[in-house]
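In this document, chain identifiers A, B, C and D correspond to the written order of the chains, with residue numbering beginning at 1 in each.
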Amino acid sequence: MSSHDNHPEGVAHHFETAEQQFDSGKLGIWTFLLTEVLFFSALFVAYTMYRDNYPEVFQFASQYLDTNLGALNTLVLLLSSFTIAWGVRNAMLGETKMLTINLIITLICAAGFMVIKAEEYGHKFHEGTLWGGHEHSIFQLDASKVDPEIAAHSKAWSNPDGEFSAAVKDLDPEFRQKLGIFFGVYFCLTGLHGIHVLIGMILLTWLLIRNLRGEFGPKNFAAVDFIALYWHLVDLIWIFLFPLLYLIS
Amino acid sequence: MAPTTNTLDRTNYLNATKGFMSWFWTIDHKRLGLMYLWSVIACFIMGGFFAMKIRLNLMPGAVDFATQTAEQMNAYNNAFTVHGAVMVFLVIIPSIPAALGNFVLPLMLGAKDVAFPRLNRFSYHLWIIGALLFVATLLIGNLDTGWTFYPPYSTGHTDPSVITAVLGAFILGFSSIFTGLNFIVTIHKMRPPQMTWFKMPLFLWAIYATAVIQVLATPVIGISLLLILVEKTMQIGIFTPELGGDPVFFQHLFWFYSHPAVYIMVLPGMGIMSELFATFSRKPIFGYKSIAMSSIAIAIFSFIVWGHHMFISGQSDLMSVIFSALTFSVAVPSAIKVFNWISTMYKGSISFSVPMLYGMSIIWLFGIGGLTGLFLATLGTDVVFHDTYFVVAHFHYVMVGSALFGFIGGIYYWWPKMYGKVVDGPLAKVGCVLSFLGFNLTFLPQFVGGSKGMPRRYAAYGSEQGFDDWNYWSTMGAMVLLAGLSIALFGLLRSFFVKGALSPANPWGGVTLEWQTPSPPPEHNFEIDPPTVGDPYDMSLVEYRGEVEGFLPVNPREDDPCVAYIAPEEA
Amino acid sequence: MSDSSHGSEGHIGHVLPLSILIKVFGCLVALTILTVITGKADMYGADLAVAMIIATCKASLVCLFFMHLKYDRPFHGMIFLFSVMCVGIFLAFVALDAESYQEHVKDFKANEIAEQQLGE
Amino acid sequence: MNMYTLLSMMLQHQKEDFFFPSQASANAATVDFIFYFIFYVSLFAFITIVLATAIFAWRYRRSKVGMTPEDSPHHSTRIEIVWSVVPSIFMVMMFWYGFEDFTERRTPPADSYEIHAKASKWQWEFEYPNGASSFGFIDAGEYQGKGLFVPLGKNVRIRLESSDVLHSFSIPNFRVKMDVVPGRYTDVWFNAIELGDFPIFCTEYCGTKHSRMLSKVHVVSEEDFAVWLKENQEDPNASPVDKGKRLFSAKCTACHAVDGSTKIGPALNGKYGTIENIVGGTVTIDDNYIRRSILDPSADIVVGFENVPMTSFAGQLSDDDISNITAYLKSLTE
């Protein structure tokens, strides 16, 4: 601590220069993003494996998901990604007010994403479209929503010649089991992603508070930059989740 | 002998501040390293207790096979599970990287600290939480899944203590990830300008390779354990056959981490070996670049060989063949390292100090561990040895023989730097030799028992099965090993509690940067800034000086604190 | 010391022009709409490939511009690609394995059903 | 015939050697050959390492404190290449031998005689093509049931399935091992060449009594095997009492006696129709109670047996099986 006299301001004791400190942070956050990619990888592997083996089940199951809500969520996240990227620019240029606005928009988008997600989840819990081991899992499906072609192709019924009915007992038991797997993977993937959004919201709030205190500026914007990178990764994962889960045809 | 001013009243990192909080809330990498060290030793004692429980239980005659009750079997199953989980997650994985790595890495780089000291503290606190969860698991239930947590047994058929254990391992995983991340950034960004990649000490290469594995592989075990947790509590179905899930899929996830994790354990031990062989042979390490590159090669290859744990798991035959072929790729860099270490001894000036005795033990133990790995990489023989004591003996030779002996050797090597005292007496040597003999007596018989078909994880064996002799010698060996390790620990503890003159800055004659600062180092590592960086293995840079009972630079800088502190009259 | 740190400020970070940010955002929205349209249309079996190509394009845009990879040290981009590569290997091996042993799973399921029917 | 079949014949032996139990299957000799090949290569490498370390340590020991060594080379590309390439060649050979052997052992011949083995916690159940079945598990230190019967000199394929968790089917004398994975089939095959009884182990951890999930394989001559099959064939026209007796002796006699003596569980003769004290009340032993006890044993436990819970047989016994067992128990009272 005694060497503080000739140490550059805002630079921790063990770094020589501000550049070294920033570079270290940047490498650190990128390495962390690498661990995040690997963290999600297991679920993507699960997805690929089961989709590869039960393509017809995945095609059928995706009808339970509301593509419009998914697309809306994609746009919401993209917008938040845009505003946080803009926010980084604001921080670098010292535009504190604009940074505040951008952070707030990002937060609102994140909250919006979670609200839409909660809506989707709520609907599924209500309808019993849940993972295999859940006691209320029944996979009821509105007959009007079913694409007759997919229905014929998927052999989802014990009586393939019969008309599709919303009655659950008609679903082939093995097919139901596999549907359960799809929703297991769906809930794990979107749930884990949702947790990341929640963590992102906490971090964004922290940034907002620090910004309101006037802590960020051209010399000190690392935190904004790094959290923005994290937020973009959350967006990236959703960019892949959306077509993989909602758009299976 | 010249009087020295190198006494305890000099301010160093140990006595700069006092009180519990000054340790618990420290961001000093050296203090964190020491706290890891003692925590790991405490966990090692816990894991060792269960190891002895296992061995005593398997002593012929200890338990009657015919009348063994379900409770006794459960107690045994609990013992081997806790032994495995504690030793893997709480001892060997953090031992060298988190404890010694934390202490030594910034010193070797001539840096004041790791890149993210607060993150470093955070990962220690995470580690403590993880360890406490494990202790909680012990108290609340009978964890009996084996450290592998294979579903569907772990998710559907055993008691809920799996939840706390898995949560603990999950948190420990993040502690490990953050440590690795910290080291990667530190090595990239905090090397002194003169220290190019190929002037880095080999220990740092090993730690770097380890850190790469830690950040790449550990997240996968994190998510797999999380899925076990979700599966257990909510029956999500991904691994559960009754719900259409695939239990073999979990094994893929598990071994995608856990095979590279073997190298998280072994690579740092290999790094220590390189330092020991150069320093105690007083010779530049032979084949510096091959050793450095083989560390990286091991790190990369370790990711494409996990399937050799699954040859008989129901994995497809095609994948088994591919994985078997790939597995051999990892054997070559390991062999290169061994040959280079031995060549370093050639025409050296070899000192049999305690760390070097551990180093030489490792060559032999790792030799056996590595060579027996060949039987397990080969498809035909692995089918016979899989899940027998042959495998148990093999991985103990690798993990204990290399990682643990490397850890102890490393502690003895850097002990003077940590506490300013050299431990190199006959007692410590007896500890090493006894451990070596005891270890071999414990595990050599297990190879034979295993090749005769003795399955692992059995609570008891009937005499008619014919494994009694092997179990007898194994248990005897465990006693000797216990004695040896106790003596080794006793040597350290005695040195810790007994006050004495501080050791010279460089008692062994190492050339890497940590030996250029006084022992123990000051709070911010180096008093002169930046330290002189040279070839890390150019032994002609230091010479032995009888008056300090240690080594000093041949051409010391005028402001060199080690020279100034130790021999003020001459300086 | 403080002089040199002052001079190095220019190297820290890269300010992205707002116009680029807006253009990238526009592209991302357009691609999202495209992916929904193609997702609903019949692509004769290439659905997954098309969806993944569009998603990869979107991801690249986010990486290159929003995440500054285009202007950043190449090493950071390498780290990211390396992680994706690792996931690729992991995915390929597991999927290949699971596909090759499906036969035994199907046999089992078929037999299970047959046995149930016999039981009834 | 490939090169090492010849060599392996030299190693062929029927008696136990230092490392292995007897070679009781046709493939065992090949595995042992691969083992000894790797063993001698490794032994050579290990001795080299040990000798080099020991000789260098002695020859170049530091005789004087502070002694500096004479100059010697720090690297040599040539020698690095040598000690990378030479081991690699041996490893390629090891892989190749292992691969050939593995392929052979993973491909059951088309004419194999198929036996189904069903693993559950903690017993093996074997079913033969003609409907005969046998069990094998261990309790109170004794092998219960009969174990697996196989004919000498015939290719036998065992189809494995599990009704609960992972198990593994291992016969060291045959050098075969395969995990039993719930939700799918796996298999092993072998050709037994030695008459006698050999142990079967479960080698994948499967819970409390994993160490007792033992059985035996009996290799008998083809004639004896045919006789055994016939004797154990299930007679579809047998009376329910006879069917029940068969099931009872296979599934229940480990814990329940019918001669009045108490084993792990209470004796079951003369109990039908009587009133029994159970935890929290009394119950009449009737069809319903027997059914409940088989499917959900912990529901009503007889006083005195609270600490030895019975495992459920749900999924293992069909409704028909249960009524047959009930009929048998009923017959023990009359």
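In the analysis below, a residue touches a chain if its C-beta (ideal position, glycine included) is under 8 Å from a C-beta of that chain, and two chains touch if they have at least 3 such contacts.
Everything numeric here is computed off the predicted structure, so don't read it as measured data.
Top contact pair of chains, counted by C-beta pairs, is B-D.
Measuring from the averaged C-alpha position of chain B to that of chain C gives a distance of 36 Å.
Separation between the centroids of chain A and chain D, computed from CA atoms only, is 46 Å.
Inter-chain spacing, taken between the CA centroids of chain A and chain C, is 13 Å. The set of chain B residues touching two or more other chains comprises 216, 220, 244-246, 248-249, 252, 314, 317.
Within chain A, the positions touching two or more other chains are listed as 23, 27, 31, 34, 38, 41, 45, 49, 174. Of all residues in chain D, those that touch two or more other chains are 183-184, 186. Taken pairwise by the contact criterion, the protein chains fit none of the simple patterns, being neither a path, a ring, a star nor fully connected. By the touch criterion given at the top, residues 1-2, 4-5, 8-9, 11-13, 15-16, 18, 21-22, 24-25, 28-29, 32, 35-36, 39-40, 42-43, 47-48, 51-52, 54-55, 58-59, 62-63, 65-67, 72-73, 75-76, 79-80, 82-84, 86-87, 90-91, 94-95, 98-99, 102, 109, 113 of chain C touch chain A in their complex. For chain B in complex with chain D, the touching residues are 64-67, 70, 73-74, 77, 144-146, 150, 152-153, 156-158, 241-242, 244-248, 281-290, 311-314, 317, 320-321, 324-325, 328, 331-332, 335-336, 338-340, 342-343, 345-352, 360, 363-364, 367-368, 371-372, 374-375, 377-384, 386-388, 448, 451-453, 455-462, 465, 539-540, 543-544, 546.
Interface residues of chain A facing chain B in the complex, by the touch rule stated above, are 3, 12-15, 20, 23-24, 27-28, 31-32, 34-36, 38-43, 45-46, 49, 131-134, 174, 177-178, 180-181, 184-185, 187-188, 192. Listed in rising order, the residues of chain C touching chain B in the complex are 83, 86, 89-90, 93-94, 96-98, 100-101, 104-105.
Chain D meets chain B in the complex at residues 18-21, 30-31, 34-35, 38-39, 41-42, 45-46, 49-50, 52-53, 56-57, 60-62, 65-70, 72-76, 79-80, 83-84, 87-88, 91-92, 94-95, 97-103, 105-106, 121, 140-142, 164-166, 168, 170, 172-173, 175-179, 181-184, 186, 199, 201-212, 308.
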